[in-house]
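Input: structures, listed below.
Both complexes below contain chain A, partnered by chain B and then by chain C.
== the complex of A and B ==
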């Protein structure tokens, strides 16, 4: 059967019979010019390699065995989920203590800054703007983001250095194939865990323009580092502190899986509607596995990624903190602008299982997802300032005790965090990479629609079923 | 007469020698650029967990190809 297929393929091809192709790349060989060029290049390269390269070790020692395991029929997928889960778990457990320490240090710094301003005789509005607006927001972002980011990026870089990520792309290519795209999207998706803007930029590795666009538009469905802290904080509070970090890890991992499923679904929809086109191809080199080099990995992940993302977050958070302080401090008919905005959004928010302040926080958080939770707290406390939320217990008290959050509120907020418009930077990158405003707009609207629908369905479903 | 079959049908673990490429256009160029020129020896290394992309050893590198792309390369088993 196979053989017949093969032979029929040969007869359908207008090239020389096999015997002729074994001869020199002769002039009477009816290959295209490019074929001949490539053959000659390879022949030359082979000759050079034969003279210059000596192989000490035959291919296929331990790498082969590990590779067999990582991509095995039985263990390939479980190992993938296990490693992903382990990465989250290490991040969740490891980030807790340094986060508290950092928060303490930064809020100590706030006291000193306040003293300095008082000593300088600064007017109270400047004091408020700088200390309670700018400094507190930046301190929050640094304290909440830096530890998990440093840990997660390092773990991720270790897997990358090992050469594991292309194996993931290889394993799940059939799923993306069903969605009408290809496995390299798994690589850009992984990149999105760090930063969606970086993920969108990474889509350059996908050759076909159609598949590249799909990968760009769906990259936002994996939570980036600006959103992980929100997810982690909410999961830690609502997955039950009693159940410990394990339940929280499962919750976050579950959300990530939801994001991946929606990535596949959205890719499938896109490749059947506005991005129909030539069929997908998938050619991927799997680099050799090698033991990771910890020092190099640490330096690279800290310098290249952690500091880069943190610097970006801080430059966005500082002016945003000032703006929100102004919004919260400016009153119109006895109500702050922040509270008025939240009031307007409240019915919509409630329908989606959240409230007006939460929606407003997401909208004002457009510059950077890191500041969504700080904005929310500013709104809730309506003092125009962030309290010093040093521990999750204090956060829990504000959300559950004072603002009546239930597990449904937390779930819908986490889902909406997972599924809403990407940050401004990501949208700018989509615009730049595609050269059109159209794709940036779609890049915002598609996930927003997905988020609104999901939250509406979940909230209404839970209420209709009387689960709450 | 040598036995000729598409690369996608080469049993795992077995080596084959490239006879010709059936592909046209971009895919042909990409396959050529991988070094899949006639006379190159190729080994089918392993299948993915879901059976489809297959890893091939081509000139010392591990390259994953889908059934569709590998099917356009004709080889003779060695």
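== the complex of A and C ==
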């Protein structure tokens, strides 16, 4: 805003009628004056400190140089995406082989479990429930999710331990300010990459209630631990084989970028509609960069994250597997309940580039995002002809061969995974932190609407353009 | 028109003509609580995460036969009312009007801490700056010229390393000198750009005289100019309805 606007605002304070004066001032004036006030104070503080403080360590120390580079206007963003991309690339390349090995081992285990049950003389329903229902789901969760998680969380924890995340917040701060909120949201967003429930809880660091609500409602737009494995698995199946891990890396990094852009867009929309106001100025302390401690990082990322997420996935997936096996086995008028549910959702799913089973999986996956892919597989396996799956490549067979997935299906599923209601835990945390059911409902509806609209637009657009 | 003692009662401070009221302000993590303990000898614990109720620790100490009530304000980076902590700290400084305000600053990152010092000096001139963590700064090869700093700021400056008790006696003496009027600070005034300065003068002239006695007029003018609702709404609570009416009428201010 130029200086003349400032003058008219200042004089307008005395002449305009009350409503108009506060209305106009509320939108344009205070932010500009506040910025000028803050700038004067900072400049003065800098001048005084320059005279009264002497440092023997020159400013050109390596820490400062690295910091200048990481937070530079020109290189800050490219470096950020390079680091993020590197993290995904390492994950995708590194996870492939162990995944196959694990899948082989676990499905060998399935055979032994089946033999054991036969030897014990278990009835066939129990056999089906335990082997086809519970064990296979759990095996899938472990085989598909464990290796990428173990690698990605370790790499991410290394960046965290290095002190890189506050630098990310520093880089993104101007963008959030443009969106009408503040840069601390970049910190809570970074935490959301770990777990959205934790990210929402972290919103306590934002003092202004308006900005805290915006940060809470938009936290779900970045993929959490529970969704990364889904994104990584789908990306490596659909972008991997043809173009190698590089394309898969770009896909996941691109999705994260989309999530961040939608975070900004949603924040902007919210701060202009139901949560109007001006962003508060804040001081972001950049803790010193320090060399990471590899052992601690490894232990913490494996214990606190990998095992935690895996345990959560398995504990929810096991009963869910049993439930789905039952739904698939219970028939009503000659059709299983699962197929009926999926059939009901099918038209909607197709319109959004997916199918009924995928939508059903997202709905049944409300307790934890980790189980969306396992539920989907259970649904597919219960209706398909494949009895046993032996490797990740077989997953591609189920999706493409048996259920007609295209790259559009994969893309829309990944987008919907990125943009849909948060898991039950996150919704409970929003409810608890805001003390109202209203914000929790909005917290589910806003991302759901964003996801439906995005998938509809992408699916219809691709079909209209005849790209498929 | 409320009297100063009435205003203090709102902060649960009983009028005591013998005791002087001293506020302790500062950024978070500057060792403010350590200074508080060193001055009062009172063991207390304060956490500093947001979301927790904003508490004010209080204690007393006697120096050269005079009684002092010390109030530990929440740690804040500014007084521009971005948070509950900042509102509590700002309200205390404006409305309880302490006889002296100690601003604790971290010697290892003085520049950032000076932002708060400058803002406190806009509200009250009875400021003494306590540059703490001098030992840590020395280890990091950072040297603070406290005389130069005092000259630049126009208020007394005391260097401390509160964890080892260094400088605490000097700080007490400085507070005493300030309260007894042996030192009269002339705080450096922040000069804004000409446009803001012009507007400030105009607004200042329109503030009624009685209200000027209660608040620093220049500071109040700045808040009106900034349309700082949080401050203005709080001022309303501390004024009689008639006075507030005059202020509101003159500045066409609509409370939230």
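Here, the second predicted complex is superposed on the first by the 393 of 468 C-alpha atoms of A that agree within 3 Å, B and C clash if a C-alpha of one lies under 4 Å from a C-alpha of the other, contacts with A are read in each partner's own complex, and residues count from 1 in each chain.
In this section, a residue touches a chain if its C-beta (ideal position, glycine included) is under 8 Å from a C-beta of that chain, and two chains touch if they have at least 3 such contacts.
Remember, it's a predicted structure, so these values are computed and weren't measured experimentally.
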Check whether A:351 is in contact with chain B, with chain C, with both or with neither, and answer first, second, both or neither. neither
Thinking of the overlay built on chain A, is A:42 touched by chain B (first), by chain C (second), by both, or by neither? both
For A:261, is the partner it touches chain B (first), chain C (second), both, or none of the two (neither)? neither
I'd like to know which partner A:453 touches here: chain B for first, chain C for second, both or neither. neither
Considering only touches as defined above, state whether A:77 meets chain B (first), chain C (second), both or neither. first
Is A:173 in contact with chain B, with chain C, with both, or with neither (first, second, both, neither)? first
In the overlaid three-chain picture, which partner chain does A:445 touch, first (chain B) or second (chain C), both, or neither? neither
May I ask you to decide whether A:205 touches chain B, chain C, both, or neither, giving the answer as first, second, both or neither? second
Examine A:101 and indicate which partner it touches, taking first as chain B and second as chain C; both and neither are also allowed. neither
Residues of chain A at both interfaces, chain B in one complex, chain C in the other: 3, 6-7, 10, 13, 18, 21-22, 34, 38, 42, 207, 281-283
Spell out the part of chain A that touches chain C in their complex, as residue ranges. 3, 6-7, 10-11, 13-14, 16-19, 21-22, 25-26, 29-30, 33-34, 36-38, 40-42, 44-46, 48-49, 51-57, 204-205, 207-208, 280-283
Given the complex with chain B, which residues does chain A contribute to the contact? 2-3, 5-7, 9-10, 12-13, 15, 18, 21-22, 34-35, 38-39, 42, 59, 67-68, 71-74, 76-77, 166, 170-171, 173-175, 177, 183, 207, 279, 281-288
Under the stated contact criterion, what part of chain C meets chain A in this complex? 49-51, 77-78, 80, 82-86, 110-112, 114-115, 117-119, 140-146, 148-149, 152-153, 188, 190-193, 195-196, 199, 203, 206, 222, 224-228, 250-254
Residue set of chain B touching chain A in the complex reads 2-6, 9, 19-22, 26-27, 29-35, 37-40, 46-53, 55, 57, 60-66, 68-69, 74, 76
